[in-house]
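We just call them A, B, C and D in the order they show up, numbering each chain from 1.
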Amino acid sequence: MKLKHLLVTATCTALLAATAQAEGVKVGMITTLSGGGAGLGIDVRDGFMLAVEQAGRSDLEVVIEDDQRKPDVAVQLADKMIQSEKVDVLTGIIWSNLAMAVVPATVAQNKFYLSPNAGPSALAGKGCHKNYFNVAWQNDNLHEAAGAYANTAGLGNSFILAPNYPAGKDALTGYKRFYEGALAGELYTKLGQTDYASEIAQIRASGADSVYFFLPGGMGISFLKQYADSGLDLPVVGPAFSFDQGILQAVGAAALGVRNTSQWSKDIDNATNAAFVESFAAKYGRLPSLYASQGFDTANLLISAMDKADVADQDAFRAALQAADFASTRGDFAFGPNNHPIQDIYVREVIQEGDVFTNKIISVGLEDRGDAYAADCKM
Amino acid sequence: MTRESFLNAVLMGFLLVVPLAAWALDEPFIITLTTRAVIFAIAGVGLNLALGFGGLVSFGHAAFFGLGGYAMGILAYHAQTYTPLMDWPFVIEGTKSMLVIWPVAIVASGLAALAIGALSLRTSGVYFIMITLAFGQMFFYFTISWSAYGGEDGLSIYVRNSFPGLNTMDPIQFFAICYGVLVLVLAGVQRLAHASFGLALRAARQNEERLQAVGQVPYRLYLTAFAISGAITGLAGALFADLNRFVSPSMLSWQTSGEIMVFVILGGVGRVYGPVAGAALFILLEHTLGGLSPYWHVYLGAILLGVVLFARGGIFGLLAGREVAHD
Amino acid sequence: MSWILLVEQALNGLQFGVMLFLMAAGLTLIFGVMGLINLAHGSLYMIGAFAAAAVAAATGSFVLALIASLAAAALAGVLIEATIIRRLYDRDHLDQVLATFALILIFSEGTRWAFGSFPLFLDRPEALSGTVSLPFGIEYSRYRLALIGVGLAVAAGLFWMIAKTRVGIRIRAGENDREMIAALGVDISRLYTLVFALGAALAGLAGALIGAIQSVQVGMGEPVLILAFVVIVIGGIGSVQGALVGAILVGLTDTLGGFLLPKAFALFLSPATATSVGSSLASMSIYILMAGVLLVRPKGLFGGA
Amino acid sequence: MTDPILKVRGLTKSFGGLVATRDVDLDLHAGEIHALIGPNGAGKSTLVQLISGALRPDTGSVHFDGQDVSALTTAARARKGMARTFQISSLAMEYTVLQNVVLGALGRRGDVFRFFNRVMKDQQLLEVADKALAQVGLQDVRAFRTSDLSHGQRRQLEVAVALTMEPKAFLMDEPMAGLGAEGSQQLQGFLDQLRHQAPILLIEHDMDAVFALADRISVLVYGEIIATGTVDEIRGNPAVREAYLGESAE
């Protein structure tokens, strides 16, 4: 491939600049800690650092920087981490657009990147790279599970909506990949939109039997509150992003009973998860979210590779990562050929436990799901 | 040598010495950081032409910054995927050469500025501020939904574009290119400020009636200044995209317009080298305050507020005193 | 597409419009009387929402929450007016833009520091939940209907105040001639503080009312701020009447544009393309509206002189 | 008699229902000072703006130097040689005195769209500028910032800028306003000489100056010219006396 050729050129340049690595592993975490969406970054960081602390290793150093959710700042920080801090591994990015800005250049410079959250399709298919590991999910996964769930739940006329940007389009594509019923309507809303009266009116008029939406962050909160207020009582399905622990309390009772898909839930029954939930709550005084679990798993994956290989030996370290020989909060966890997870995606329901709104697993949406792009990946 | 030109020399020397020292000490990130300041300075110098010399408070310059970025992104994207930009009526190929990309970025953003300016200059005052903001937002939302070039995800370019005889992936060499562009732009704007056009434009800002009374039409001067201003900011955008090897709609957000404006005001409105000082200080603040606290925006806000309230004329007003009339 | 849906969308547009008016009225008054561009108006909206959420969480009362939003925003308004804004009245627009931009940074991060990074919970009162049946079989959200009512009532009150009360007369005098009003012996700085507090309170109220059906989070004020600017520019800066007309125009354009444009494009494009092109154009529609209005009337619809 | 340099015919302008000028005829001949007087609110400012092109009349025409300039902009009229000075000094205050006059000369020459010349080193422009400064007696302060000038000096500078335009006629809006007795006296002497360079349409409140300088006087009341004539004719005109007595009785 000619593209590869370009990459090789870049790699050589970077290699010349690189100096001999010291003992141990230095990790650069670039994540969103200020401004809008800071909650997600804080959860990833806290989950990651909890695992690091529990491992108690002196040969693992973590440098954390705030990307302010700005792609150009993230790129600067990646440069800083690689050039000045001389890190071996980068991680932490929450948003797909920031990942698209940072990941290709990072792996081209022979660094490892472990994604604790974003999984854009471009990096799973043609743009995959042997040094890029996704420890969360490919962006489509939760939506695919929702589509599959709709089939088993007997929903045959969905109204689907997402913001008008790439992740939104991927989401609806993912849903439709497994969903077999008819579409009552398909809408793209403005990114950052906060009022959904118009969309809800269209849902009401469409004759749909269910609603699937992907509206991350504040958009989802607004949608759910307004949906509950509209008196519509069609079943709603969404991905876990709008129902995670940080957001649920702001949505309140409006979310009760909503089915959502997630690769993690705090009631997944394994010892690692139970210990994680307990120690996270004890340390930070709040329940962990799926982002926190992803941060925690990412750190444990890294630590498991450190036990097996020296990071200076790239091939051995890569093989150790690929083996994914760690106890995941999700139970079974393995990497596919494109270094993306193969894992179960659950269907959860929002419930109330005392004063706190949280989720409970009701079924498995997709079992051992990889992703749709692995075939395009030539490593 | 006036105090202002002394300050100019110190400033440009500082921007040169810092990365060289960083190069010697093998601190490439400092070089990258300085490069960022230099590119922001170019964008600010561009805006300053409209804002400082013409009195045109544009709240939409991010559109030109982003347009320059996308000109680079699109050309390089087509070059790296080996797909032509256009098949019909004739084939246009992408390119990875800065010497081709820059003129395209300049012309594209200059033409956009000409069109936006021609419409916006029918208004004045607050209305002008707001209509430029509106055009900026239009471009912003357009790029977000422009799925052919990545939409909100933006476009990644794997390797920096090429410049004859230099290795652009080497931070110090890429810095040299940007610094060279800044010097050229500053020299150009300096000449322009002292040329017939500059004399008339700055007179129009001070007193439109006066300019008309000597037989000249302010609108034409404003529009020309706005177009040149947009073109320079567009060039900065192309460099910025190359620095990051990435372009996305965030370059076109209204916060970016605000930031470019901050560089100009922080440095000193209407001083040719003002935005250079402003951008350098801004990057310095961002870097040092960012390390102090996750809530560093509070401090940044307080400093900006202090500059507006107590240091009128920005850094240059503070250090170089009242603007010296040049003749 | 039925016409009932169209009417419902028009109601939604109207509701969006009257809420924008609450924001825009303060902005336009502050500009009209004091000549100030206040970018920090969106922060006052955010403060109103956060105050309401905090009080609602503590007391469970929506009425108290609304009172808190008014009081907190007005207090914040008086505070910044007396310490900072006051120094900006005789500055040019550029200084005002920068200073109030700095205020946004301070308010946003300050709020995040005080309330954390996660969105807060604020719900509409139970009494206003559910829907009401309107004529012709339209089911409409009770809370949104209440919002339209509150918005129109505030608008009426504002018009009455400006037309009939002494404060209103002074405001009108202040809009026409600043020296004149000082010559009349009115304590100008008190009038300015009052107008600013009034504008702030309206923004805070809007924040609380909207916060109940949206997400109460840091940064929520900025998109609304930009829309409010679009509104007052369309209406003519300084004109409360213009703000009302502009707000409703923007509300309807945004809602109906987002609803109708994809359908219109579907008439001659494939569904996927139509949705995408229509949605893109819809997100630009209000800016296109604003540019169009300014090209025909460079000082807005009601901006006379 | 030769054609007038400035010929105004039937100018009418109303704002809403209010008629600001009604059917105004006015001539300015070579070599004369033609004064336009009238009580406050008579419409003098409106008339000046109509002649200079800042306002468009509802009906009527303005001919300048033998051409119909009614459709031209202020700038185009200025380029034809209609030099205007303003009631309130209208100068580029941040510029030096020299920069202001060079701006005038540049405007006259017309090549403002040059981006890389050194305008303040342009000998041709400097010559014109220095000549104008010398004529008004400001050569000693040429490097001063305009905002540092006294009120009287700014008035002189206005005239100097007008001179660089190689004017065919001057349109002077209350040049004596705000000057002390001495300053007025000085300017009066200067204008007396200036009329030989180009005729002056002088809008002025200072009656002593008007009566001392004017060859002819037109009186504008409520937007209409009620009388035009020599100084003596106007002094003896009963309608004028009434208009002015009425004013002074206020």
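Here is the rule we go by: a residue touches a chain if its C-beta (ideal position, glycine included) is under 8 Å from a C-beta of that chain, and two chains touch if they have at least 3 such contacts.
All of these numbers come straight from a predicted model, not from anything done at the bench.
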Among all other chains, pick the one whose mean CA position is farthest from the mean CA position of subunit C. D
Reported most central chain by Cα centroids is B
Just the number, please: Cα centre separation of subunit C and subunit D in whole Å. 49
Cα centre of subunit A to Cα centre of subunit C, whole Å, reads 35
How many angstrom lie between the CA centroids of subunit B and subunit D, rounded to a whole number? 43
Going through subunit A residue by residue, note those that touch at least 2 other chains and give them in order. 34-35, 164, 188, 190-191
Interface hub residues of subunit B, defined as touching at least two other chains: 141, 144-145, 147, 295-297
Subunit D: positions in contact with at least two other chains: none
Which chains are in touch, pair by pair? A-B, A-C, B-C, B-D
Interface with subunit D, subunit B side, in the complex: residues 191-192, 194-200, 202-203, 206-207, 209-217, 220-221, 224, 323, 325-327
In their complex, what parts of subunit D are in touch with subunit B? 52, 54, 73-76, 78-79, 83-84, 86, 90-96, 98-99, 102-104, 106-108, 110-120, 143, 145, 161-162, 164-165
In the complex, the residues of subunit A that touch subunit B are 2-3, 6-7, 9-10, 13-14, 17, 33-35, 66, 70-72, 75-76, 79-80, 83-84, 96-97, 100-101, 104-105, 108, 120, 122, 164-167, 169, 188, 190-191
Of subunit B, residues touching subunit A in the complex: 27-30, 32-33, 36, 80-82, 141, 144-145, 147, 150-154, 156, 158-159, 167, 169-171, 240, 243-246, 248, 250-251, 290, 294-297
Where on subunit C is subunit A touching in the complex? 1-2, 4-5, 8-9, 12-13, 15-16, 108-109, 112, 117-121, 123-124, 129-131, 139, 141, 143-144, 210, 212-220, 223, 255, 258-259, 262, 271, 275-276, 279-280, 282-283
